[in-house]
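Single-structure report; data block below.
Chain nomenclature is as follows: A, B, C and D, assigned in order of appearance, with residue numbering initiated at 1 for each chain independently.
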Amino acid sequence: MKEGWLNRDAPPSQRGKPGPVRAGARQLVDALRDPENFQTSDWSGLITAARAEQLLGSLAFRLEGRPVPERAASILAGARREAAQQRTQALWEAEMARRACEGLSVPLILLKGTAFHAAGLDAAVGRSVGDLDLLVPRARIEEVEAALIDAGWERIKPADGYDDLYYRRWMHELPPLVHRDRDRMADVHHTILPPTARPTPDAAALIADSIAIDSGVAILSSPDMIVHAAAHLFADGDLAGGLRNLWDIDRLLRQFGAEPGFWQVLATRARLHQLTAPVALALRLSARLFATPVDAGIAGRARPSDRLFEARLLARDNWGRPTRPLLRFAFYLRSHWLRMPPLMLARHLLVKARR
Amino acid sequence: MSGTDNEKAGIEAFVPSRRTVLVLGAAAASTVVTIRPALAQTAGSVLNCEIPVPGPHAAGSYIAQDGSTVAAMTPNAHPPMMRPLRGQEAKALLQGSVPPGVNPSSAQAYANYIRRLQSGMSGFTCYASLQMPR
Amino acid sequence: MRHQLALQIGPVAFRIGSAWPEPLAALARLYAAYPAPADDICDFTVRLEPEKPWRRWIRPSVAIQGDYVLPDAAPMALAHGLLAAEMGMNLQMALGQKRFLLLHASSVEKNGRALVMTGESGAGKSTLAALLGERGWRLMGDEFALLDLDSGNLWPFPRAISLKNGAIAVMEGEAPAERFGPLLEDTPKGAIRHLRPNEAAIVGMNQCARPALILFPRFGADCAARGVGQAEIFMRLTQSSTNYVALGGAGFDALTGLVRSCPAAAIDYPDTEGAIDLVEALWSEAA
Amino acid sequence: MTAAPRYIAEHRDRVRAVELDGLVVLFHETSGMTHIVAPPAPEILDALREGPADAATLLARLAARFAFEQKDGAEAVAARLAELEQAGLVRRT
């Protein structure tokens, strides 16, 4: 543990004037951060916001065993049951991918939710998983795709035309695959950001430092997992679903933060992957919203724009509606800006517009 | 096993008799049926849905006779539909009739496009719900 | 939201928010005798919103939003706002219900035992349940049956009955006019008119029943009944459930329990009166 | 000549089985999936639980317990194994 934990902002619950009911996403953050002291008179608003942010499963486990009104308890119990089945399905997709690629001797590195579940991390508790995200060496990606297609996965975009070309040329993953019997998607990546994005993570280093958890499957090292979560939070999309991604970061940091030497390695890896600034911002936001203990040296000083990020992450009311449309739009533009060099962005938007 | 008395059946459960005939089935037969999520049937019956032809993933493309999407202006291919098909119109198309507002010479291509929809593509849940007996 | 309404239907509570007053006024009239959620906690949120901001006023067009949405859903005319609210609630159940095993089935009760009818849409399971509900049975629900995962009992879910086309006239001859909603013409499903279940159904909305008979009705040339193998019943019920897979092992245990404890038959019928006689006959055999 | 693949079946504890007149409904805990299986699939799963086996060994195990009427037993057993593998109920060792 290093000196100077960042906590210059009081937790959100102690800032501003406490209204009788806090707006949907704020309330959700309160409940996740401090379930022991959480109280509300608007359970409907809390549940709706949690569904909208895909955090109902996480919330259900945070509030398990706490005194909760009967109907809310029943809804949360249903959410835990659903989360258990989602976990089973996510792990099964990983297992079927492993079986499909068994002969290749390519280690499949599980990413995001599937990795959390496979490694039994705290971040997995109640977490929903949509697609199976895999990282494999770029040189082997075609073999992996072929093996998956052999085992029943199919390409869902037409294998000709602009979209496929766009993926293969500019993206960090193959066009998505879907399994014909199980209807589950698989995204096979060769790095964690599109090659067009300005930061260029060191994919070889990610793979070299990965940790085998089973024969044929691995996960990223703890610091790389944080770096990936931060990259995913900011660079992938317009911060939609960002609250769930930030909750992942809080859970991961609380678990990894106690590992000896973790913070030094995190700083080194963030620099190696050219993601020092996003990692710092992720740490600051996690501390701001979830009171996560973070290393102040890596997090850096609070910036005025942190407040905009916070506002964007919390732009959801207690009817589940997205709020602050202008701020959302600004973040949408920003996401495209980050993802592509300006000329390419223009070409992309032009092609989309002409069709 | 009919005609076997209870006591004997009980024993046979543990030590299968050589007389029990096991049909291994033809190589092409199927002995495993997996239950798939059945969202579509109910969703279709509770919701009004529509299918864009083609979907946003291929916006602007023409539709070839076999239902695949091809570059705009491809000879013998059909222009995109100006508006999405309503569920009932899509159903009529799939049954071989031509709903109002659809160019009869393009109807077959559009029907084939719908048949080729896959999970994850716009209109798929609607198409899946139409597949269910109503 | 600008306009709001909360409804308790059986064990499930909804809140519906709307950008316009009309859909909720119609909904409030239709559900006049229903209680508000006792604890002010709702299972599901439905929102009726303009498809685009200006579509609140100009050619108003209602998009069905809420906790769970389908991407292919088409917006509806404001005149069909009541139907949009009903579809919104149905959609939450179909996609979001995780407390019970949800069967796309109608059900009626007698002496604490339930008759469950499921099958293809348009096979008349809804009309049959509505008719039985006026003729000495307690209507539990015309659209969804909720199987308790622990006890194996069936929960009532007595929503307003959605009558389509020919079924409207059939029920207008059975139930008093004040229980009907407005006639909605030219909806995507043709003419639709909603019917509020009778008082027995509403008062009994918290009373579970033991499933005693499952029927798969179908229009046919003659009245006929045939037995259905248990594996086929199981298969058919999984296909009429939107959450069977999501419930995992709990769903498997509940559904195999139901199939093993409950006789079933497929029935063909040429008209509703014939169907009622057939159902009553099969029920006395099963009882 | 490459060795024929050897298969193992999912452990009995991971599969809930309920017999419904002649067919067996399986809930596979590991995958969360439900399968309805007809003979000889349940018998194959049982026989494989004695230990890993290739198709020929499996056929011999089945022959020790049951009589067959058909001649192309090996081909049929291979087809059944492929189905069960696709469903994830058996896998190669």
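The working rule: a contact is a pair of C-beta atoms (placed from the backbone, for glycine too) under 8 Å apart; a residue touches a chain by one contact, two chains touch by 3 or more.
Not measured: the values here are computed from a predicted model.
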Give the chain pair, either B-C or C-D, that is connected by more C-beta contacts. B-C
Distance from the CA centroid of subunit C to that of subunit D, rounded to the nearest Å? 41
When the C-alpha atoms of subunit B and subunit C are each averaged to a single point, how far apart are the two points in Å? 25
Quick check: how many Å separate the C-alpha centres of subunit A and subunit C? 38
Just give me the whole-number Å value for how far the CA centre of subunit B lies from that of subunit D. 29
Can you list the subunit B residues in contact with two or more other chains? 33-37
Pull out every residue in subunit A that's touching 2 or more other chains. 85, 88, 181
Multi-chain contacts in subunit C, i.e. residues touching at least two other chains, fall at 235, 238, 244-246, 248
Does the chain-touch network form a line, ring, star, complete graph or other? complete
Tell me, which parts of subunit C touch subunit A in their complex? 1, 13, 15, 17, 37, 39-43, 45, 47, 65-68, 96-99, 245-248, 250
Hey, which residues of subunit C end up touching subunit D in the complex? 229-231, 233-235, 238, 244-245, 248-249, 252-253, 256, 259-260
Note which residues of subunit D are touching subunit C in the complex, please. 16, 18, 20-23, 25, 27, 29, 32-34, 36
Of subunit B, residues touching subunit C in the complex: 33, 35-39, 41-51, 84, 86-88, 122-126, 132-134
Can you list the subunit A residues touching subunit C in their complex? 41, 43-44, 47-48, 51-52, 69-72, 74-75, 77-79, 81-82, 84-85, 88, 319-321
